[in-house]
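What follows is a pair of complexes built around subunit A, which joins subunit B in one and subunit C in the other.
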Partner chain A sequence: MTDQPAPLKRVLRFMGDNPIIPLIILLIMLIGVLEYMRPGIVNERWMGNTIKFAIPLAMLAACQTLTMLTGGIDLSAAVAATISAFVMATQVPIMGVPLAICIGLIPAILIGLVNGFGVAFCRVHPLIMTLGTGLIGTGCLQVYQRFVIATGSVVPDGLAWLGTGRTWGLPNSLLLFVPFAVVVIWAQRRTGFGRLLYALGSNQTASRISGVRSWQVLLALYALSGLIAGVTGLLYVGLIKAPSLSLVNPLLLPSVAAAVIGGTSIFGGRGGYAGTIVGALILTVLGTLLTLMQMPEGARRILFGLIILAVTTIYIRLTDQSR
Partner chain B sequence: MTDNQNPPPLLEASGVSKRFGAVVALHDAALRLRPGEIVALMGANGAGKSTFVKILTGALRRDNGHIRIRGADTNFSSPAQARKSGLIPVYQEPSLIPDLDVADNLRLGQTPVEPFLHWVSELGIANLRLDDTINRLPLATLRILDLARALASEPEVLLLDEMTAALPTDLVERVLGTVRAQADKGQAVIYISHRFAEIAQICDSATVLRDGATVGDLPIVPGVEEQVVELMLGAALETNPTRKAGAARAASGGPHVQVRNLAVGTKLRDVSLDLHRGEVLGVVALEGQGQDELFEALAGMIRPTGGKIVIDDAAVSFAHPADAIAWGLTFVPGNRADGLLMQRSVHENIALPLLARPGKWGAIGMASEASRVNDAIARLQIDTRAMGEVQRLSGGNQQKVTIGRWIAAGVDTLLLFDPTRGIDVRTKRQIYLLVRELAAQGASVLYYTSELAEVPAACDRVVVIFNGKVVDVIEAAEADEQTLMRAAYGLTGEALPA
Partner chain C sequence: MSRIVARHGWTLGLLAILVLLFAFTKVIQPNFGPTGLDSLSRATLPFAFATAAMAIVVIAGGIDLSVASMMAVAGVTTAVMMDGAGTGMTLFTVVAVLVIGLGMGAINGALIVVTRVPDIVVTLAMLFVWEGVALLILKAPGGAATPWLREIIVGPFLVPWLPKSFVFLVVCLAVVWIPLRRSRLGLSIYAIGSDELAAYRSGIAIGRTRIIAYALCGLFAAMGGLTLTMSTGNGEPIPGPYLMASVAAVVLGGVVLGGGKGALLGPIIAVFILRLVRMDLTLMSVDPNVTTIVEGTIMVVVVMIGGVLAMRGRRQ
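Now for the complex of A and B:
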């Protein structure tokens, strides 16, 4: 420790200990830029919309955050979500709403269990395993579509209300999301299961020596990730109102980006869901910002990619306390 | 050593020093090697042997001192340069690329094929095919291939590091014979081994390192072993730590843990021992004599290939460390990095075993967890200034965390593998005291240590393992370093491998 000018150092130290602070500052800055470019755009209506679109992203990013804590990833999450949404919507005319929702969630959990089995027992790298099950899931969905092509699809009113509705200016999806986020943030720190995610991501050998059977944790984790993805799909179809075979797929890579920007290490053992939520908000605001710039699509994507890289790099530098 | 000034030394190192940050690894290492001579390089753990070897072979640069080859000052900046001037090492770990076949490996090292094959058959490996993939060959064959490759490039100085460690007896004889014959033809050999018998068989002299300096250069004559052991230990002999009145060995009943004829692969061959309640049983062995396997098998990390483990009269077998933990066997690994969640807090590290079973996956009782963790922290006097991340703690405090984990979970049988490696004296004392205290409360402790001096301070009895077998059981009161060192080198006479 050298005698550097104290204030700057202290600010950096503070941000290192509370990694969510710089993220929130960045979010506010982005909103400021937006307001500067289009004065008056930032109003209650805009905020409601932003939150509405950020929520499904943040929920899908929960799958990434939780699996990343163990050093994994869930690339099948978007497919699981799409399948849930599509199956549910096509089953509503046949089965009725409650049963259709249950049936819709089953394939998502199944994908998660297969992922867990592959990662825990066959020792397939999660990246490959979930990529594979995602592709298989997409294929199965196409086959499924041929059988139900005649039945048509219905998005239940309840889900549409939850996905798009507002109450006192606030999006109704917060009714689902706030309890969800509270439970995830609580569980990651204050439950045995949550702690074991961090433990496995930090050191498999140490966890093993301590008596942790990693297959139990991984199986439960990926099944849980599938379930969260399924619920996300149901919420998202309520927002978009048109089930398709690639409904949630565009959210997959942003969900990974949201977790990483939010400070979760892809190598495991570090991070948490609170950061991911802010990450999802940042990505959503950034999307609006770039749309407003009226650039060609190509340039917009390039800029989007560059900004994500820059933010992640700076953020990691800023919060890295390990010498 | 002024017997014959002709021929001049082939390799002469003097006053070699090396420091890593604040740690002085070498300060005055010396070695002299004439053509046709085999010199054993010896030293206890941490004497600086491996640093010296790395400097000689160009893997590290020295800070000070001289290395002369045929009288000319050299300062190798890379292993390749050292090779060019005729110094070829054969290291303990096979250095062939596993996914290539033999021919490709030879091509990479620019080894001439004909002489290589000659040496391979000379050393006793028949029917080697050049298109065999390296990773399909047994370890012993790989060692021979390494040696043959070195011999094929006609070294002037050959450096053999634990060459015979993984070899069956017949191959050992072949290797020793070949090396001796090469020396007689004028090559010089630096021979590193834990086995006195081999050194006595082929070496001309022994250079002994202690605490980073060469302390002796002895011709090999019958009975020199005692002198070498004394030189390796040095002044440490005089310190005679006060014995604990540790005879708390349970008067109650039979042994708590019985190990019978335990074997794991080729490393651990036949170990039997009894561990009583209230006893600290030391384990002493040179590196790689099977002690790692013994501890890992008892901890449920690996499956034994033979023998049995009996706990309180029940034969047990472990498929996972969780099974061993269920039977009360808890493990503190030798490599701290294997035992810790480096990025997580002290608290999370200590509480980990409490949460391992699926029944404990729910909400954590934060208050009761905190009290157990804080008890362990207080009992071990863990420095709590850097609680946030274990990687910011000192080595000693990290070690306390790995032990504290089992104290918080409740100790029954503790398997401590070299718990004091690389930590400061004060913390070492605390660990001895803790171990004694745990034993006094009825726990059983199996305590492997690479530091012989601490055996009387921590243990009640000590078993000595050599070459995968128990060669001696000594009461700690009689376990001075000399006795232990002799036993560890297999010099006790009884149970020596033929």
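Now for the complex of A and C:
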């Protein structure tokens, strides 16, 4: 890389410095393939639908992105989201909508706090810690379900409007997502908290020596991740309209994939939320593409896995962040 | 003697817990005997193989999230090939499935080495791929296992207190692990897990060793899938809860995530502890969902204590 930059190398380096550009190119290429396969499919309605389904994925991927910045991961996010959606929906008939939403978010934050406690004080690897709390959460949810089996569940109209409705062709969930994304992107670059995440992820010892109290940051981070997951769950139940015990779980691995494709390093210190959003869009378009090809379910999963691998490989080559 | 205790303190502690748990089981279920042991041992088999598979890559400094999916591939392949098969075909199937396992693991390892993508991401992607392969082989649960092969893991061996399945497990693990542990290759696996740069500088072929570690992981996963089909009698394309359980048992068994430390004995004892806890709770007629909570809590508390102990150790 030190010799005279040839035109190709300059392009590559430019892409390496602005990793979101190759991702957007990939997204446009995928949409192009889709339009080529089924001319006329790419219209306003399709875009609205794609965005609608990409938003919960992108929000759940925010949990992964933020925790990955510190070198962690949040595998309990999907369970936290499911719990808050299910608890909220079953509490609505008893408590009324506003109170039910608050009650629904409490377990999600609690899961986040437990994660934060384990990671910050006991130094448990976040992967293990969050897998474990996810397991506990699932068990608690199943026990909880037996107590409320008689009350039934209601998805509030407001959430259904937010999840599925559209205004002037645009999905209403953008109302929630755009401010959310702006705040996350602003916070990760411009606030002290955001910079501490990058600092902890790049070099924990160095940040400790420079006076960062890592336990405060980690505790706040995982609690925040739980809260985001809870909100995602509420939004997603508005979209799906049928609360179940495994509502958000299918989004877990795609949310990790979205963050990784979006260029956030799983080892911490690199990446950001903007890439993750594009990653979530890429995965959603990819899903449509694979459905359109009418492949057997098995072949779809194989292709999905291979594409994640291919995109990450190319991406790591471009940004040269392997070591 | 005290050196042995100091070196294997963690394993001995686990063994003590296991003995206590057995005593506890005998107390709450006075007629707990050979039958109970047999069913415990048989239920533990696939978990034990999954744990062995996970342990070997964790020792090599990696992680393999696709263990459960590889087991599913091995399981359905067994079920499809053994459906109505004779003796010759059955033996061929066993060999073929083990080779397929080695192959799947080697593919995982090779992809990690060639693409230089973090192992978590590669095996996450391969989790989807192997799951897809299993679904292509068999869409819904089906197939069959050769009856005489199933007999291998049912019933006691020589004495009533020794289940055949336990002997089967020990033999399978020992055949792979003991020669490995005594060879240069085994040392290399520990070396790359402990310090990759130092291993590289001492002339270890990092890439090759890593691929072999993942291939062995695939081999154990294939054994797991094989025993799964042997014990249930049909193939199941959807992966079971083995990923989670294997990570828990590996951590509980004293293998440090990050690599270079631990062995196979600890995780295997740990997996028996986790299964026995589950069985005890069932015997006490606790709601199975509460059992899940208890299991998860045990796992989390154990890794928390482990983390605190590791931190203390570093300070001293």
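Keep this in mind: the second predicted complex is superposed on the first by the 315 of 323 C-alpha atoms of A that agree within 3 Å, B and C clash if a C-alpha of one lies under 4 Å from a C-alpha of the other, contacts with A are read in each partner's own complex, and residues count from 1 in each chain.
Here, contacts are C-beta pairs under 8 Å (C-beta built on N, C-alpha and C of every residue); 3 or more make two chains touch, one makes a residue touch a chain.
Computed from a predicted structure; not experimentally measured.
In the superposition on chain A, contact is made by A:His125 with subunit C only, not with subunit B. Of the two partner chains, subunit C is the only one that A:Ala299 touches; subunit B does not reach it. Judged by the touch definition given at the top, the superposed model places A:Leu253 against subunit C, while subunit B stays out of reach. In the superposition on chain A, A:Gly287 makes contact with neither subunit B nor subunit C. Applying the stated contact rule after C-alpha superposition, one finds that A:Gly192 touches subunit B and leaves subunit C untouched. By the touch criterion stated above, A:Gly139 is placed in contact with subunit C alone, subunit B being left untouched.
In the superposition on chain A, A:Gly48 makes contact with neither subunit B nor subunit C. More residues of subunit A are touched by C (comparison of subunit B with subunit C). In the overlay built on the shared chain, the residue A:Pro93 is in contact with neither subunit B nor subunit C. Comparing which residues of subunit A touch subunit B with which touch subunit C, the overlap comprises 322. Per the touch definition, subunit B reaches subunit A in the complex via residues 299, 301, 320-322, 325-326, 331, 333, 337-344, 348, 351-358, 360-364, 366, 388-389, 391-392, 405. Here subunit A touches subunit C in the complex through residues 73, 114, 118, 121-125, 127-129, 131-133, 135-136, 138-140, 142-143, 146, 253, 256-257, 260, 265-267, 296-306, 308-309, 312-313, 316, 322, going by the rule given at the top. Partner subunit A is touched in their complex by these residues of subunit C: 63, 111, 115-118, 120-122, 124-129, 131-137, 139, 244, 247-248, 251, 257, 287, 289-297, 299-300, 303-308, 310-311. The part of subunit A that touches subunit B in the complex is made up of residues 17, 190-193, 195-196, 198-199, 202-203, 205-213, 216, 220, 269-270, 321-322.
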